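Order of writing sets the labels: A, B, C and D. Residues in every chain begin at 1.
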Amino acid sequence: MFSRPIKLTLGTWTLTAALTLLSACSSPSTISVSGSSTVLPVVSRAAQAYSDTTGQRIIVNSGGSGVGFNQLAESKSDIGMMSRDITDKEKAQYPDSQFTPVAIGIDAVIPVVSSEIYEAGVTALSLADIAAVYKGEVDNWSTFGGPDKEILVIDKEASRGTRHTFMKAVMGSSTAKAAGADLVLGANNEEQTAMAQSDAAIGMISLAWMNDDVRGLSIKDGASLIDPNLKTIADGNYPIARELIIVIRDDISSEAQKFVDYILSPEGQTFVETSGYIKINP
Amino acid sequence: MPKPELKLVGVETQTSAVSLKGFQAWFGETCVVQDMTLELPANGVTCIVGPSGSGKSTLLRGLNRINEDISGYAMKGQVLIQDSCAKDGFKDITELRAKVGMVFQRPCVFPCSIKDNVLFGVKNKRLSKLERAALVEESLKSAALWKEVAHRLDSPASTLSLGQQQRLCIARTLAVKPDILLLDEPTASVDPTSARALETLIKNLKDDYTIIMVTHDIRQTRRIADNVLFLCDGQVIEMGSTDHMFSKTAKPKTKTYLSEEFCDC
Amino acid sequence: MLSRTVKNTLFASALRIALFISLAILIFLIGAILLEGFKALSPSFIVSEARDFGAAGGIRYQLLGSLILIIVAAVLVVPFALGTALYRSEYVTSEKLGRCIDLTIFSLNGIPSITYGLFGLIVFVNILGMGVSWLIGSILLAIMILPTVTVSTHQAMRAIPNIYRESALALGLTRAEMVRKVILPQSLHGLVTGLLIGLARAIGETAPIMFVATAFSGVTWPQSIYEPVSTLPTHILALAQQATNPDALRNAWGASLSLIIIVMILSGLAFIARRKLEPQRSM
Amino acid sequence: MNQISLNPRLRTDITFPKWNGLKSYAVGSALFSSTIIMLILGTLLIQSHPALFANDLNLLSEVWDPAGGQYGIIPMIFGTLIIMSIAMIIALPLGVLSAIYIAETRSDRLKHILKSSLEVLAGIPSIVYGLIGVAYLSIWVAEGFELQTGRVILTAGLLLALMILPTIMTLSEDAISSVPRAYRENAASLGLYHYEIIKDIVLPAAKADIAGAALLALGRALGETMAVMLVIGSLDRLPSPLFNVLASSQTITSKLGREIAESAFGSTHFSVLVLMSLILVAFTLILTIAAQKLFTKDPHNA
């Protein structure tokens, strides 16, 4: 009476097991990319267009610059995305491999504030002011002529490239500790969300994530003000800028190399612009 | 079916302890007790007898309204306890239940000491230590258990024999000082010797309490009942003094059932 | 001191208030998921690919990825769960050994799901060098649901009256034949029910698979066991992190509702399997 | 020939001349299944070994700064404990009181509706709770307390309370319902109020099972990652003042969820994370096993 369900179960089991084995046999020719969420939009958009025309499968994964390097170094991915340089410590862990960073665009890390603060008149701060906020020395917007509100200081996870760039410019060291931080978040999206939900926050965000809720501050440099826009960043005046980097190993596959070439081509570079960054080859 | 006549045959005029007016009880769609109007006399032992499913227990459990915690139960009509309505005449249902104590078929002692079991019903009342000790002794003596347990009041109640447990349940009920005792087949789950002891106890209690008891045991009824109420299919067939009910003048149905012959009703 | 009646009344109100709060929570949770979810859910949402980092398009490959993970997890767990239950029910001679096995398997139930992820990362990704691969996800999910499936199967086997075994042996069947012809058919419902309940839990898990088996974008039908997939829970995670983008949030709710519907279907099937497959024993 | 006893109840009587395939298969599976836990614990132990035996990591300090070689895990342990406490303080009374109502209600329909809704709730994946936390709860908390961010200890505690409420309610309801009706009827016949019946007899009788339910829920809360990770704020610092529940914090699970992928395999950083996971596993295993022990005791024979 129960022999049929049993046969059915066994049959399904065998079939699926066979399918699993079968799929295991097919060769992987997929390019896998992982790393910084700052670079991810560019590569992801380029990958979508590239695979639409060539049929090449490209899997793009997030995780941050640290993960990007790790996966690449452990040969678990073909291309790493980084929004900072490879640290000496990282290089030292893999003495036998050679890594080549390739710049694919320019990004600026913008100190941003909630729109309420911006509209209340705090539109520019000096790097020293920002450092004071992150060190916890200043904790009220009234110090900068803003409303009498406590500053919500948003920091980023330590391995994030955005933070490295920001801290190097503001505090002088890419791994500086921010004693004044109230909140530590990860990806740009997450930080943007938290900024928008607050009305007295300061944070650091990539150029592409600025919007009406999250307003970029101008940097006070003596008497002059440097606005955060494509022009000041492209001409190198904006002080907290960095290159968007993809990292490859020396033993890169030809398919992956072709994709890297595509990103650097004029067509590929358009995705840098659609993602809100600045082209590397203007 | 014709409406039952309710003549209290052979019963001398007594004050009534409980009177029902148009009492009906349902479980879901099933009517278990059909439109009952009668008076149960005060003091003495009234035994409710009848075949299984005749509504004996439902009737008994309707008197202290314990059935109302069961889902699907509904009742109609009036139950008067000593002339006050069981629904409105008391401050609340708790006061009614304190006046109308109940002991169930299976002895159910709580998982605590003998003493605490006796005091369970007065746990939340303010009583001095002396009052409590006196109440324990008094209740256990009334339930004829004092001699057996006096030396071990603090041992767990579950160590008693079933018969002792049932007497403990009675003691526990007496400690609340009820006027009426409802007994739902109190001897059904204990051995014959303990049953005899319980019967003796019930006989001794009937001077101080109105005892209404459901039983399956016809011989037991004959031994201890003063009055008998005979139910069948949720209706009263006959009610009267024990002498009357077991005499030739009783109705044929009653006679058949009480003579322990097959009863088709 | 409060009188007894007052205490009783207070207690009754406390009960009502507690139930009211619980009900409010219940209605809020279910209501939020349904209302927000149905705004996004449509046939095209199910079948179209995710675009613009999930904010546009649908959940086609996320759905497929989740299904691949649990189907393969089911395939992996069945033989071990069945064998373990069989051993526990038919071959264990000492009660002590039996309890020991129970304990080790029950303990798996208590392990936090993130620990499975860490374990998978260490053993499969790093030590065995498999990279990020959906197969690891399936293996980890299979380990996670092993206790559920085993216990359910074992309970079904234990419920088989001994007279069945006695009669079978008395008819001259060998023990192996007895197991095949009596024990297995009579305990199939336990296996199926446990499996479905386990899968309903597995498909909603994020923590065990997020480091070892999933990727963010560009994932289609995996072409080898060394490729990641995209799944519903990790997709919701990515979208939840951009919660102020209304499009992303809408799609997150849509994906959540789809996920919950699958969980409900699996639980419903488990319920049906229990009722339909359970043998009617006259004894 | 096989010597077959006709009474399989006494299984030791049955002797087999040789192992057959089926038995080897069963034994093998059982062996494999019961060694997985050892495998997991062993892996964690080996990987956390460097962190356990290093001297200069200041594991018991309150500063977490891998770049500076500071690996204080106290903030994470404190965050875990305080969030669990909040969750239990809210969910336990609420869950048990609601369970009493459900168990004691006379309406079968209400009971049925509530119990099936609870099953549905218990099946909601934790990531969906996380979404609810991000999209609703954290915003409500931020607005309600006029905070700059809703990603604080209180939000995480509330969210965990929501998540374990169904578990506590269902299991407590089972425990309360399984108290024999005779206890209630006997107590009611003594003229006890409903409140007194619950307090004096029902709860004492269901005590062990309710405690088991609480422990099980606690174990689940302890191991919960996704929902907490999204609303906790991820600040590796003790709140100041210490019991300020409106500050951001970090739990062991959220720390693991955010940092495992970022630390290099084999590094001290990774090893400390594994150590934290090991601590977590130890806690949850103790809770789960304790809960099982409580459940197996039959409270009604006490």
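In this section, a contact is a pair of C-beta atoms (placed from the backbone, for glycine too) under 8 Å apart; a residue touches a chain by one contact, two chains touch by 3 or more.
Everything numeric here is computed off the predicted structure, so don't read it as measured data.
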Chain whose Cα centroid lies at the greatest distance from that of subunit D: B
Most centrally placed chain - per-chain CA mean versus overall CA mean: D
Centre-to-centre distance between subunit B and subunit A (centres being mean Cα positions), rounded to whole Å: 81
Computed distance of Cα centres, subunit D from subunit B, in Å: 49
Chain centre separation in whole Å, for subunit C relative to subunit A (CA means): 34
Gap in Å, rounded to a whole number, between the CA centres of subunit C and subunit B: 54
Touching two or more other chains - residue numbers and ranges from subunit D: 134, 193, 196, 261, 265
Residues of subunit B touching at least two other chains: 94, 124
Two or more partner chains touched - positions in subunit A: 74, 186, 193, 197
Touching residues (chain side subunit A, partner subunit D) in the complex: 63-64, 66-67, 70, 74, 90, 93, 149-150, 152, 157-159, 175, 177, 181-186, 193-194, 197-201
Residues of subunit A defined as touching subunit C within the complex: 1-3, 5-6, 9, 13, 16-17, 20, 23-24, 26-30, 32-34, 40-41, 44, 47-48, 51, 57-62, 71, 74-77, 186-187, 189-190, 192-193, 196-197, 213
Partner subunit A, residues of subunit C touching it in the complex: 51, 53, 71-72, 75, 78-79, 125-126, 129, 131-132, 135, 184-186, 188, 191-192, 214-220, 222-228, 238, 241-245, 248, 277, 279
List of subunit D residues in touch with subunit A within their complex: 65-68, 134, 138-139, 142, 148-151, 233-236, 247-248, 250, 258-259, 261-265, 267
Subunit D partner contacts - residues on subunit B that touch it in the complex: 64, 66, 69-72, 94-95, 97-99, 101-104, 106, 108, 110-111, 120-121, 123-124, 169, 172-173, 176, 182
